Every structure is written in structure tokens, then in C-alpha cells.
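Please find the structures below.
There are two complexes below, and they share subunit A, which is joined by subunit B in the first and by subunit C in the second.
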Partner chain A sequence: MNRSEIESRLKDLLAVALGNKPQLQGVTSDSHLVNDLGLNSVGVLYLVIAIEEYFDIRFDDVGFGDFTTVGDVVDYVESKLQ
Partner chain B sequence: MNTSPVDVFDKYTDAETLSKIVDYSTVGEMWAHSVATYPNNVAIDGAQRATFAQLDQMTAHFRTVLVQNGVQQGDRVGILMPNCLDFVKAFLAVTTLGAVAVLLPAHLDEATIFGCSMKFGLKALVYFEAFAPKLGLLANRNPACKQIAGTQSADVPTPCTQLEGTHPAAVLFTGGTTGRSKGALLSHQALMRGTKNGCYGIKDVFEQRYVLVLPLTHVFGLVRNLLTCLYTGSTLYLCQNNKDLFRDVAIFKPSIMILVPALAEMALNLSKQFGRNMWGDSMKTIICGAATVAPYLVKEYASFGITLLPGYGMTETANLVSGNAEASTNPESVGFVYPGMEWRVVDGELWLKGPNMMDGYVGDEEENKLSYCDGWFKTGDLVRFDDKGFLYITGRKKEVIVLPTGENVSPAEVENHFYAIDEVQDCLVYEQIYDDGTWSLVLEVLPRPAVVAKYPQEQVEAILKQKIAEVNAKLPSFEKINKVIVRTTDFVRSPSMKIVRGQNKQ
Partner chain C sequence: MKWKLIDPVYGDMIRVKSGSIWHYGIYVSDEQVVQFGLAPRQRARVSDAQVVVCQSTMDEFCDGSFVEVAVPEKRDKKRTPPAQTVQNALDRLGEGGYNIVHNNCEHFAYQCYLGQKYCSQTDDIRKQFAFLSEVKVYYAAVPSTPFALDLPTALRNEEIASCQNADVKRDKYFVWKLLLRAIGSNYGKDATFVKQPTGKWTCNLCSFSLSHGDGVVAVSVSKADTGVDVERVALPSNVKVMERVFSQKEVTDYHQLQTDEQKALYFTQKWTQKESTFKMLNQSSFLASKPSEYTQHVVSKAIDVNGTSYVVSVACNPLQRVSFCKIDL
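This part shows the complex of A and B:
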């Protein structure tokens, strides 16, 4: 799976976590997970579980709080898939 | 003064199960019965595992550790640990020795831990070893408070202490009716009655399988999860990290979960996302509370074959005041009041008495004066009962808005009308007064992602406002909303995911 495919799928998962919100239209790799997308703690938990389930990966000792932007998450998923 | 009939929940339970739902006056009495009845059942599962008999041995030896550190009957002992087997061992040891367990939330910082040791006069603190760096201030400024690692044991056991039900057992933190953090003192009989109440309204409640995701320092986690498991010979699997919840569920196959609505909703969305019931086929019942339970959740879980039962309780009532065993037909209610409770409704507010009530806030006379009247505890919750005895929470007394017209509006009651809209996940009503003296009753709504996702994004707000307008048209004039704001970001929430009123006006 290449980077753009990971990003695309991540946006799909974000859409469920956030709803079909206006913020998702302009979402980029630089979008801030909390400040721009408004993820709360349960939304973050949803996203972590959904990412692990969909990509069949396990987050290491890092918490989701270690990621600031969408791009950070894509980088991490990409590294885990390699 | 009112009480529920003693048999109000009998029809939901078979006779054999009902015969096992009995009164225990102390934690020790209940625990001795469970150890004798279910010695080989697994009590705690997960990263660490112990049967009832093994946990009893560990507890007896830890009582010795407490005695060796000078702990005596009536002393207060802090417990500062995350959910783990040693927490359970320490809680049982402290309470069955006759000391009082002060349950300190694991996230407390160094200064607050020290402050709690002084406020509650802790004789000792049982701690999780990874938290040792947070105990420096306590060691320096309150050396009289003995620090005991939760992993400790002793060579010989110490027996339980014989106690009366009125003996104090635990102090739990609560925001209470005023929102200020306080310690509610619960006796043994309060904990045991709360635990017994948790057994009502479910057909299969003995020897069940639970996964714990709520903190054991919260009354919902302690009473309805841990103590009900210990009472019923059930197994409690301790989830170490909530992100691994569904891996744990797949391995452990729980039959009952205790959840706050936000987690129930999250699991529902995951189930829809991945096209399968994330709880698995073994899951039969979800007990849901600690915040408003949207009727939508009851309906959606029914489609997965899972019965979601809303309930109502407070820390001050050892968790459980009422439970709704008929949620499928009456999802807006929090059910019938449990037997043994006495209640009055005074100016719309629910007042309570009963064996599960706390014995007041520790060291907080001002708060105790505000919270009691002639021995009745004033819950601060505005309620109504229907003609069948179903209880409905309609708002919080302190939150009542007095309109310039002199009419009183309970924002929670108005919000409940809009929670009936499937597209509404959460909402908040407040009064806005403008510089020119005019005012609006404002409704802010957070759309429900899984439902509004089916609409074109540009139409979501219009569709939502149309549905809100339809509900608004049916409300009495003084409750009608004048302004609607559709939020794109979540509300500010408390650690238990409740919306924090006063911090959310956009």
C-alpha cells in the first residue's frame, strides 16, 4: 500500500470518527488532529482501534498523543507496513 | 415519602437467581460467602489471574502487611493504583481489616496526593510502583503516612475483622451537586446494598464474564463492575489499555459490559465500520450510565442482539438508585427505583434516603449542610415519575435557567427533546442575553457522525436544522429554542466525557 492509499483510507476512517464535517474537505497532511479536526479522547480511541483493525498493525508504546498531524499518522502507518 | 415494592424487579429474574440475591452487611461477609461458594472460579483475569481462593489468600497476607505498618481498624488508607490485581487485593484487605479505603484517582499529581494525605488523614498509602516518583512530596512533608508498595506480601495471613454494616468502608471522589471535588464516605452496608442493586433486572447475573474499562476509583467501576463480580462469582477481565479492548473481548468473550455512553457509541460505530459486532456473539447485556443514555443506543444495540439497559446512580448513593429493565419499550427512562430506597420529589428535585446512601462528605461541613434536609439527601437532579413508576431525569436543579419572563427552564429537559433525533449525538441548551437586554434560548448540537455520513456534507446542517425545527414546534412556548448552532468540533468534556456546562458557549 503506498502513501497516498494510506492517506486516503485514513481520511475514510476520520470521516466516521468525525462525521461528514466541513473540516474534512480541506484536510491535508498538515491538518492538526485536535485543533483542526476537533478529535476528542473517544474519537482518538476510535481512530487508533480502527487503524489497527484496518491496516492490521499494532501501535507500539507510542500513544496517539504523540501524533500531531494527519501526516504524522500516515508516516507511522507507512513505517509499520514496511 | 415513597418506596418501590420489594418485588419490583422480581419478574425480570428467575426464582433460582432471585434466591441468591441476598443482603450482606459488610464487604467481608460477602467476600467470605463468595470464596466459599466459588473458590475455583477465576475472580480476576487478564495480565494477572487469580481464582477467588487465591485472591482470598493474597488478601489475607496483605492484611498482615497493613498491620505491620501500623494500620488499625478505623484508620484511613489511600490506594493509588491503576486497575490491576493488586488494587483489588488492597481494596479487599483494607476494608476487611476495618480500615477505610480512600480511592485516589491514578492521574493525581504529586501535590494533590500530598494534599489528600493531609485532608483525609491517611495512615498509609498503598501505591503502584511506577507511581513512586509522585510520592516525594508526601515522603518529605507527611512522613507519618506510611508508603506501602501494592506488590508487598507477608509470610502469614491475618483474619478479617468483625464489623457492623454501619462501619465506614471507602471514600470516593465526586463532583457532587456543586461540581467541587469532595470525598463521599460510604459504609459497608452502602457498598453492599449498591452491589446487590446491581444484580437486579438481568436474567443471567451470576457467574458471568465482564471486561473492565472504567477506573476502579469511580463508583461505577468499583460497585457495579468489581463488587458485583465478586458478589456473583463472576470473572472480571482487566483491560490494560483501552485500545486493546476488542482484542481482549475476542479472547475473553465477555457476557456483560459496564459502559459510559461515549464508549458504547464508539463500539457501535466500529461495528458499523467493519461490518461485524465488535463485542462478539457472547455479549448479551450492556449496563450504561454515568451520563445521559440516548434512546438511539438502545435501539441500535438491539439490532445486534444486545440488551442495553440504562440506569441512574451517583457516588453518594453507592452507585445504583434505579435501573431500566424495560429499555426496549421505554428507552427514555432510567427505570424503577431499587427496593429499600425511600424518595421524595420536592420542587421537582429527587431526595433520597436508604441503606445505600453515603454518610456525608468527609471534612466538608458546608457541603453537607447544603446537601441534606431532615436526613434526606438532595440529589440536585430534577425528575418525574410516570404512572407506572418509571423514573425520568429531566435536569439539574442548579442548572435551571430563569428566563426574563420569570419562567423556569431546565436545559436538560429541553435537551432531552432533541436527543430523540437520531442525527443528534449531543446537545446543549443555554440562555444568551444580549447588550440590548433581549435574550435567546440557544441550542448547540453535535451531529452524530455515523448517521449524518449518509447525507451530502453541504446538506447536513440544513437537514439537522429542519429536524430540530420540527421538534421545536411541538414544545411549549417557554421551552422553544430561538437559535441553533451546529457544531463542527466536540464540546468541552469532563474526564468522564460529560459536557461541561458553562465552558461550551460558541
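This part shows the complex of A and C:
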């Protein structure tokens, strides 16, 4: 799966995990997880588990607080899939 | 595990609602509760690396909310004795390694109290995402060997027999053979097929979609709605048709590509994505649409079959994992 596919799936997962909220319109890799998407700790919990289930990976060596933007998460997923 | 609104005693596992999630700790006294980080709403946003096992007063722990106390049920693992529970918690003061999914306050409390890590909250959420099951896409080259209309579904044999074009007849036969393989290996051998009044075939075991042409066949099978399309990578035979079907942005992106190879791949990807989507949506015929008019999930893959490049796209709803598998018929 290439980077653009991962980003596309991540946007889908954001909608699944957080619901189709207005702030999810126009999400880009530069979108800030907290400032732009309004992710709180519960949202993080849902999103991480959704990503783990979809990509069959584990966020076991990193804290979600280490990610700032959607692109950071894409980078991490991409590295895990390699 | 039951949770009761009772006064905790030394060595109890306790929890308090913090926003929409529970925060867990080990009760030592009203002056001392050991926990993995403060409750989420009490702490400013800090990175996981800064969260450590810490202690607070009971008032700080509950923050004005009711505290519930764990009461093991018969089926639960035997709890650790209170003194050992407290010791387990105190031994870990200052410990880091917090991870909201894999090593959080609930994992910590259960490990002190029962001797094993557990988190009901993440388990519950994970179950909610169980729908992220898999849509499987199988594709194969169409064999050139002779074949007889021996499919177990008589109506399908009749349908194929009525085709005038020999290539189409061959494609329809082998795509069904591929379908039987796909369903048999994923959902068992008891498949029965019905042709609906709309002309669409349905199966009692799963949803499926078929695509064939130019020497290749593809099927997708899933418990949820799915549509598949496979096409040989090629430039559009009529650019005006493409411009009518594609969005302005897609047309612009297409014309900005440098080489014919890039254009052919882009065009074929977009086309198969649209067609697979409309097949999934049970359209009786392909009705191409601007991308803004659909919001389904589509995954594409460039494949090589007998030295020829194709793109296979699969649409699914709801979102599912997608796997592709090439097999020999």
C-alpha cells in the first residue's frame, strides 16, 4: 500500500472513528490532529484502535501524543507496513 | 468484574468516570491513591512519555465524581491479596511507558489487582471495529483450454450458452469458476445462487461482484456490499467521453501527466474506481459519475497477468480491509 492509499484510508478511518464531523471535510496531511480535527483522548483511543484493526499493526512503540499532524500518522503507518 | 458504589478499603481497585472514559487506580487510603497518570481531564495535554505512575489524594482522584469499587465475581481470576496489591502499585511509582491503547491506567490497576494486564475499555472499542472485516479480491488469467458448461447452477449455464460471443462466453464461465473457488475457500461449499429480477446474481453466503474482459477475470467476496472492476491499462479511447465522466480536477490531473504510460494508468484507475463503486451500489448498468457524487471506499491495485498490465479496483461499504490474491484456474 503506497503513501497516498494510506492517507486515503486514514481519512476514512477518521470518519469511522470520530463520525462525519464538519472538521473532517478537507483533511490534508498537514491537518493538525488537535487544533484542526479536535482530537481528544477518547478520539485518540478510537482512532488508534481503528487504525490497528484496519492495518493490522500495533501502536506499541510510540505514544499518540508524539504525532502532530495527519501526515505524521501516515508516516508511522507507512513505516510499520514496510 | 462488578463495580459498586461502596466505600473502598485498603487494596481495592477503584475507578471514576473522567469525561466519557474511566480512570482507574489502587486505593491505599483517603490520602493515597496510586494510578498511572492523573485522570485525562485533570492533566493538561502532555505527551505519553511524561505520564508516570503517581499518587494523589482520594479527592484529587475522584475530582467530584462518584467512585466505583471493583468486586470480583466467581468467574474472575482470584484477586491479589490487598497488601500485595498495594505493594505492586507502590513498586511502580515513577514508572513510565504509558500507551493509551496498550499500557494505560486500567492495564496498570488490573495488573496490580489481578496480576494480569487487562483493559475492558479498549476491548469494547475493538469489538466495535469488528466490522472492519475483509473483502477479498481474486483475479486470474482466462485459460485457453476447452471447457464444458458444467457449472452447478443450471441457470448460469443457460445464461452463458445464450452468449453469441465466444470470448464473452469463456469469460463468463471462468469468472464463475473463480467465484466458486473464492466463496468455497472463504464461506464454505453450501453456496446457492439466485438471479434477481434485475439480472443481478446473489448468493446465500456472501455478497460478491464479478468482472471480466481482455483475458482476465476478477471477483470480490465479502459479508458486506462490494463491487469489483478490472480493466487493461490503456489510454481513453475517446478523450471527450473521459472529460464528460471525470471531474474537472481529474481531467486537469490527467492532462498534467507527462507520459502516456502515466496517463493510461491514471485513467484506468479512475475508471475502475467509478465502475466498481457503481456496481457495489447495485446500479443496473455503469453510470459514471463525478467523484464528489460518491463517498464509498475504493482500493485499486495495478496487476500483471501474463505480461499485460491491468488495474483492479474494489469498492466496499462499510470500510473493510482489502486483500488481493492471484490464482490459476
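Simple rule for what comes next: the second predicted complex is superposed on the first by the 81 of 82 C-alpha atoms of A that agree within 3 Å, B and C clash if a C-alpha of one lies under 4 Å from a C-alpha of the other, contacts with A are read in each partner's own complex, and residues count from 1 in each chain.
Here is the rule we go by: contacts are C-beta pairs under 8 Å (C-beta built on N, C-alpha and C of every residue); 3 or more make two chains touch, one makes a residue touch a chain.
Computed from a predicted model, the values in this text were never measured in an experiment.
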{"item": "Touched partner set for A:D30, first subunit B, second subunit C, both or neither", "value": "neither"}
{"item": "Touching partner for A:V42 - first (subunit B), second (subunit C), both, neither", "value": "both"}
{"item": "Which of subunit B and subunit C A:D60 touches, first, second, both or neither", "value": "second"}
{"item": "Subunit B versus subunit C as contact partner of A:V16, first or second or both or neither", "value": "both"}
{"item": "Which superposed partner A:E52 touches (first subunit B, second subunit C, both, neither)", "value": "both"}
{"item": "Which of subunit B and subunit C A:E5 touches, first, second, both or neither", "value": "second"}
{"item": "Doubly contacted residues of subunit A, that is, touched by subunit B and again by subunit C", "value": "13, 16, 40-42, 45-46, 48-50, 52-54, 59"}
{"item": "Residue ranges of subunit A in contact with subunit C within the complex", "value": "5, 9, 12-13, 16, 34, 40-42, 44-46, 48-50, 52-54, 56, 58-60, 63-66"}
{"item": "For the subunit A and subunit B complex, residues of the former touching the latter", "value": "13, 15-25, 38-43, 45-46, 48-50, 52-54, 59"}
{"item": "Subunit A partner contacts - residues on subunit C that touch it in the complex", "value": "19-21, 40, 45-49, 98-102, 121-122, 125-126, 129-130, 132, 297, 299, 318-319, 321"}
{"item": "Residue ranges of subunit B touching subunit A (in the complex, touch as defined)", "value": "242-243, 245-246, 262-263, 265-266, 269-270, 272-274, 447-450, 452-453, 455-457, 460, 488-490, 493, 497"}
